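As structure tokens, here come the structures.
Paired with chain B in one complex and with chain C in the other, chain A is shared by the two complexes that follow.
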Partner chain A sequence: MALKRLSREKREARIAYMIIIPFFIYIAFWNLIPLVQGIFYGFTNFNALSPPTWVGLNNFRRFFDPVNQYITLLWRQIWMGVLALSINTVLSFFIGLALNAKMKGRGFFRVSVYIPAVAAVSVTTAVFVSLLDPINGGLNRFLISVGQNPIAWSHSQFWMVFWVIVFFVWRNVGMAAIIWLGGLQGIDPALHEAAQIDGASKFQRLRYVTLPGLRFVAGYIILTGIIAVMQMFDVVMFISAGNPFGQTDVLMYRIYRYGAVHFNLGMAGTSSTILGALTLVFAVIYLRFNFKREENEHA
Partner chain B sequence: MKKFLSLFGVLLLAVVFLAACDDDTDNGYDDDNGEVADASAEDIRLVVPYLGLTDEQIEAAESLGEMDTPYNRFMYGLRREAESAMADQGAEVEFVDWGWAESLDQQQRALIAAGDAPDIVVGEIFMPTYAAEDILLPLPQDIVDAVNPSFLVFNDNDQAVAVAARASVFSLFYNRDLLEAAGFDSAPTTWDEFQMMSDAITEAGNGEFFGGGVPSFPHAGGALRATPFFRQMGTDFIVDGELQLESQELIETLYFIRAMNHNLPLGLGNSASEDPMWNAFEVEQNIAFVINGTWQAGGAERNDMNWGVAPLPLPAGGVEGNCLVAAMYMAVPRGASHPELSFDIIRLALSENLSEIWLDDSVPSPRQDIIDHTARWSDNETLAVAIEAVSTGEVSGLATFPQNDAQIWEIINTQILARTTMTNDPIATIVAEASAQIQSLLD
Partner chain C sequence: MRKTGRIISKMAWYIVMLFVAFIMLYPLIFSLLAGLNTRQEFGHMGALFPVPSVPQFQNLLFMFSMRGLRPLLNTFLRTGWYTVIVCMMAVLIGYVMARYKFKGKNFFLISILAVQVIPGVLTLIPGFIFMSQLPFVGGNNWRGYGGSGLINNPLSIFLPLGWGFLIWVFLFMQTMKSMPKDFEEAAQLDGCGFWRMIFQVIIPMNKPIIAVIAVNVALGVWNDWLIPFLYVTDMQHSTLPAYLGMLTSQLQQFGENDYPRIFAMSTVATIPPLIIFLFLQRHIIEGIASAGVKG
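Our next item is the complex of A and B:
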């Protein structure tokens, strides 16, 4: 009986493997091979014109040498990412709450906040960049019209980081808000009703009913957010291009340039290996922290 | 599960193996003596980027009514002649549009790395890197002899390996009306005059118009326009393999660039995009001076400017100096399938009837016989200034660093040139910080 059940399981497993094996091959071809290749290049000098030459750990030593600024760019990637992710997570939560409220035009509001997520980054950043043009940009024209001096936005690290984060949040907040909304709608209304009957205030219901009910959704948003901000480069590329004079450059943007523009594939491989490992560490730390908290609460 | 993992492992290894397999193509070309072993094989198909026009480009140019521009006349003429000449030799040629600059470099390098190099490689600032990597075949002597040496790129063995179908140099273009508004009637000839006149025009303009300066765009467009000024001071970013970043001449030039930037509207001289600068000069006409290639003459004409052109002003005790720009270098990579046919296409691009088309765009032709024939260009003031500059045979493009060239230029563009005009940081500090990074890339 046990054998029969086992062989049926095996049969089912085989069918399952048959179904997923094309996807495994696809992933191996398009993801695994480049991943292994990228790690390999990290130990070489390779400019795509002559064959790679093995340099051992030289590229890793170069990475950690402060003069080359990789650590500076990594640190900037992290703090800009943390800033962008924190603002995005909090703001999207409140937008999610607002989207969940019963009001007229709710559908229009929901669509509006999601549109930036589906608009092409290259197009929307072009609009941003034209607004920031020091001479003909809309923002400076506005400042001049109200009697203020124009600002050379692109000369200031503060302003360029500010606009990069504004754009990142503008683009991503709608998607996160929709996920929050899904989570909010998944909470049993009976819990809110019971809390209300027990005399809980709105804030207490938010604190003790809504937030615990959104733990899984929060985990998803933050985890995917960590991965997204550690890979953030397109927004930087289109809005500031790392300017002024490299002050808004981040590691992922340098990896892109080294890999696809400058053909320093060795350092691109080294940097992506380190950045990838670090992202994994952050994700694992977050997951362990999240699971541990859940275990403690269930205990 | 074990079976599955084994199967998956085998598949993965197979894919890795297939991907890693080198395409050991034999192009039938003896690299040492330049002989073609067999160019008569059937189904010869040459792939040529950038040169010629694709069907889509022709369609686009026709719809815009731009087929008569010198550029399109050259490109279309080359396509027709190359197709005809190749057909006579039993070959087909496919002209492909892979863009220009980085996108062209990316596509070409990807194919070279995959062992499937295009039959001709084209490019500008990255061509010296290709030459330094010794991936280009030496040019046949007849091609070398036909052109001015300024239009050639040499490898480390001093063999000419790439030739520009066209190239320009920088001149000083000016708006006569704005000069007159500030009481000037001729272009400056020295840096001091340039700065004095530009300051005076900016002051006279009172925010309505400006004198203009030396661009410090945070990309190659800035480096190209600043380089002539360094060379006039007898220096460059690298000379004879030695970094010159902290040389007194280079620092003085950077101070001059910074001082001149005050005569440009806020953010214009170091903008990420060059277009606002040219727009301000030829459309809005509120900048008196710009440093640009000879094609600027066409823009000024199209916008009915009252304009003039002059050689770049010189510093006190300086020397003539310029930088080749908009060079459309052509070369045959070592992996080309039929190198002799590729060289034939390059010969066509350098033919007299096609090459002289560039003169109509005020752009110098590479052919020495055209340069020597002064009657063909002396009545064009812009062209005359440019041809006089290139005729020495000593004008070159941007300096090339022995390794990590593109990364080093990025540091120069953003952290030296742009920072010079975006901040008031001491120039010595700026170059010292950049120098440390660059030195590390050269080690």
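Our next item is the complex of A and C:
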């Protein structure tokens, strides 16, 4: 009996390795090698035509020299990202709350908030570009027809940032709202009833029953959000292309241009490494902060 | 008094939600309408709702000419291919991780979760260079120089497998763990082998979660414009969203733009995922919601 069991375990282990290891090797081939290579390129000068030459920390020194604007672009990536993410998180929370109300037709509204995420970014940004056309765009024609002055959208940093964020929120708010909704529906209704019997007001119930129950969901939304906004460049590329005069350019967009257009792969590697490391640092800080708060509340 | 208050708050809910739904649907309505215009008419109209005087279908029909059909077909092939591969991977690895005992399971589990937080910026550009420097393909020498590698090769949008997909392995494993083992044990007593177990017991019994995985992967791959956009420059070998990405990024550069053609293509590019979504929205929404709760 014992002998047979042992052989069964051995057989299981063999099957498991035969299933898992080929997939892992294949995935490592396409992901792990580029990851290591990218960090390595950060310490070299490399244009993909001839082999890279080692330059040590030179690229990093260039990155931190304010003359080269990398810091400016990094900072803009961060503040635009924080702005987009916080608006998205708050707005999606209220939409999730509204979708949780027991009303007729909420299925339709649930579907409609998610629909922007069904179409590709490259597809829906064209609508924004067309509407923002300074002369023949729908928005300026509309402004004129209600007696306002038309606005040269693409000549103003404020308006370009505004529309980039509007697009980001428009596309992502539905997905976040549905994650919130999943969290809201996971809260035990008995808790709400108990609070109601104890005389808690609607607002108190939101503060002391609903919000604590959503901690993990909030963590998930914010964590994936941080990782997403720190790499956001497609919206910027399509809607503003960094205009006016590079005033809405972000670091990730420059990395993309260096990597795919200008082949300045050394600086692309350096900037990627710094941006990636910073994203991880933000994620870890956020996680630590979240867990610490939890420990305090349990103590 | 309370009753009128309730009616008012109900009315407010509907008004706000209708407004939100309108904003959400507006760009899609816009692109549907705009695609039915002629270039001249659209160029001078500048309306928030570009209703054509006479609906024109030539831009939609362009999609079904030889030049338009190839990218559409590529998108279908690519989506189908990745959906099948990722579902197979999720089922196979998820099953053995949930049920089998073996050394190193924790290592595999931790690496599946750890790679989920690695920012894509670290692999995007190096992945592109890696593609272009694969030795012995596309005119490259053994060190990977001299040619263009797999860049612009039709295969390049089918071969890479991003490690983000491993999250679905985790989801399948978690679901398997919460399922009773009775059927599997009965099948095992009857002498059922590994592959028969997978195809005749595990897959039929876990159809709902496989549907969740398939639908979410399919939507993600369909809408992934960036990888084909980077890896393929000849749009005949690329996908429709990547083609549109190229056209949209050029909108910033030139004065005269053929908006109606772009919007007609957008409409065609959006219809398949929209249909998938409308029919299977329960699975998608479940997948997103459980990602938040379980992750």
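By our rule, the second predicted complex is superposed on the first by the 275 of 299 C-alpha atoms of A that agree within 3 Å, B and C clash if a C-alpha of one lies under 4 Å from a C-alpha of the other, contacts with A are read in each partner's own complex, and residues count from 1 in each chain.
One rule holds for everything that comes next: a residue touches a chain if its C-beta (ideal position, glycine included) is under 8 Å from a C-beta of that chain, and two chains touch if they have at least 3 such contacts.
What you see is a predicted model; the values in this text were computed from it and never measured.
Colleague: Is this a clash or a fit when chain B and chain C both end up on chain A?
Modeller: In the arrangement built by aligning on chain A, the partners chain C and chain B clash.
Colleague: Touch check for A:Thr124: first (chain B), second (chain C), both, or neither?
Modeller: Touch partner of A:Thr124: chain C, not chain B.
Colleague: Looking at A:Phe162, would you say it contacts chain B, chain C, both, or neither? Reply first, second, both or neither.
Modeller: After superposing on A, A:Phe162 lies clear of both chain B and chain C.
Colleague: Mind working out whether A:Ile25 is in touch with chain B, chain C, both or neither, as first, second, both or neither?
Modeller: first
Colleague: Does chain B (first) or chain C (second) touch A:Asn243, or do both, or does neither?
Modeller: After superposition on chain A, A:Asn243 lies in contact with both partners, chain B and chain C.
Colleague: What's your read, chain B or chain C touching more residues of chain A?
Modeller: Result: the larger residue contact count on chain A belongs to C.
Colleague: Between chain B (first) and chain C (second), which, if any, makes contact with A:Ile33: first, second, both or neither?
Modeller: Touch status of A:Ile33: both partners.
Colleague: Regarding the shared-chain residue A:Val67, is it in contact with chain B (first), chain C (second), both, or neither?
Modeller: first
Colleague: Check the residue A:Tyr286 against both partner chains and state whether it touches chain B (first), chain C (second), both, or neither.
Modeller: In the superposed model, A:Tyr286 contacts neither chain B nor chain C.
Colleague: Identify the residues of chain A that lie in both the chain B contact region and the chain C contact region.
Modeller: Common interface on chain A, chain B vs chain C: 13, 17, 24, 33, 48-50, 133, 135-136, 241, 243, 258, 260.
Colleague: Give every residue of chain A touching chain B within the complex, in rising order.
Modeller: These residues of chain A touch chain B: 13, 17, 21, 24-25, 28-29, 32-33, 36, 47-50, 62, 65, 67-69, 133-136, 150, 152, 154-155, 241-246, 257-258, 260-264.
Colleague: Quick check: in the complex, which residue numbers of chain C touch chain A?
Modeller: 10, 13-14, 16-17, 20-21, 23-25, 27-28, 30-31, 34, 43-48, 50, 89, 92-93, 96-97, 100-103, 105, 108, 111, 115, 117-130, 132-133, 143, 145, 159-163, 166, 194, 219, 222-226, 229-230, 241-242, 244-245, 247-249, 251-252, 259, 262-263, 266, 269-270, 273-274, 277-278, 281, 284-285, 288-293, 295
Colleague: Which residues, counting only chain A, touch chain C once they are in their complex?
Modeller: Residues 9, 12-13, 15-17, 19-20, 23-24, 26-27, 30-31, 33-35, 37-39, 41, 48-51, 95, 98, 101, 103, 105-106, 108-116, 118-131, 133, 135-142, 170, 174-175, 178-179, 181-183, 185-186, 216-217, 220-221, 223, 227, 230-231, 234, 237-238, 241, 243, 252, 255-256, 258-260, 265, 268-269, 272-273, 275-276, 279-280, 283 of chain A touch chain C in their complex.
Colleague: Using the touch definition up top, name the residues of chain B that touch chain A in the complex.
Modeller: 1, 4, 7-8, 11-12, 15-16, 19, 102, 105-106, 109-110, 112-113, 129-130, 133, 135, 218, 265-268, 270-272, 276, 280, 404, 406-407, 410-411, 414-415, 418-419, 422-423, 436-437, 440-441
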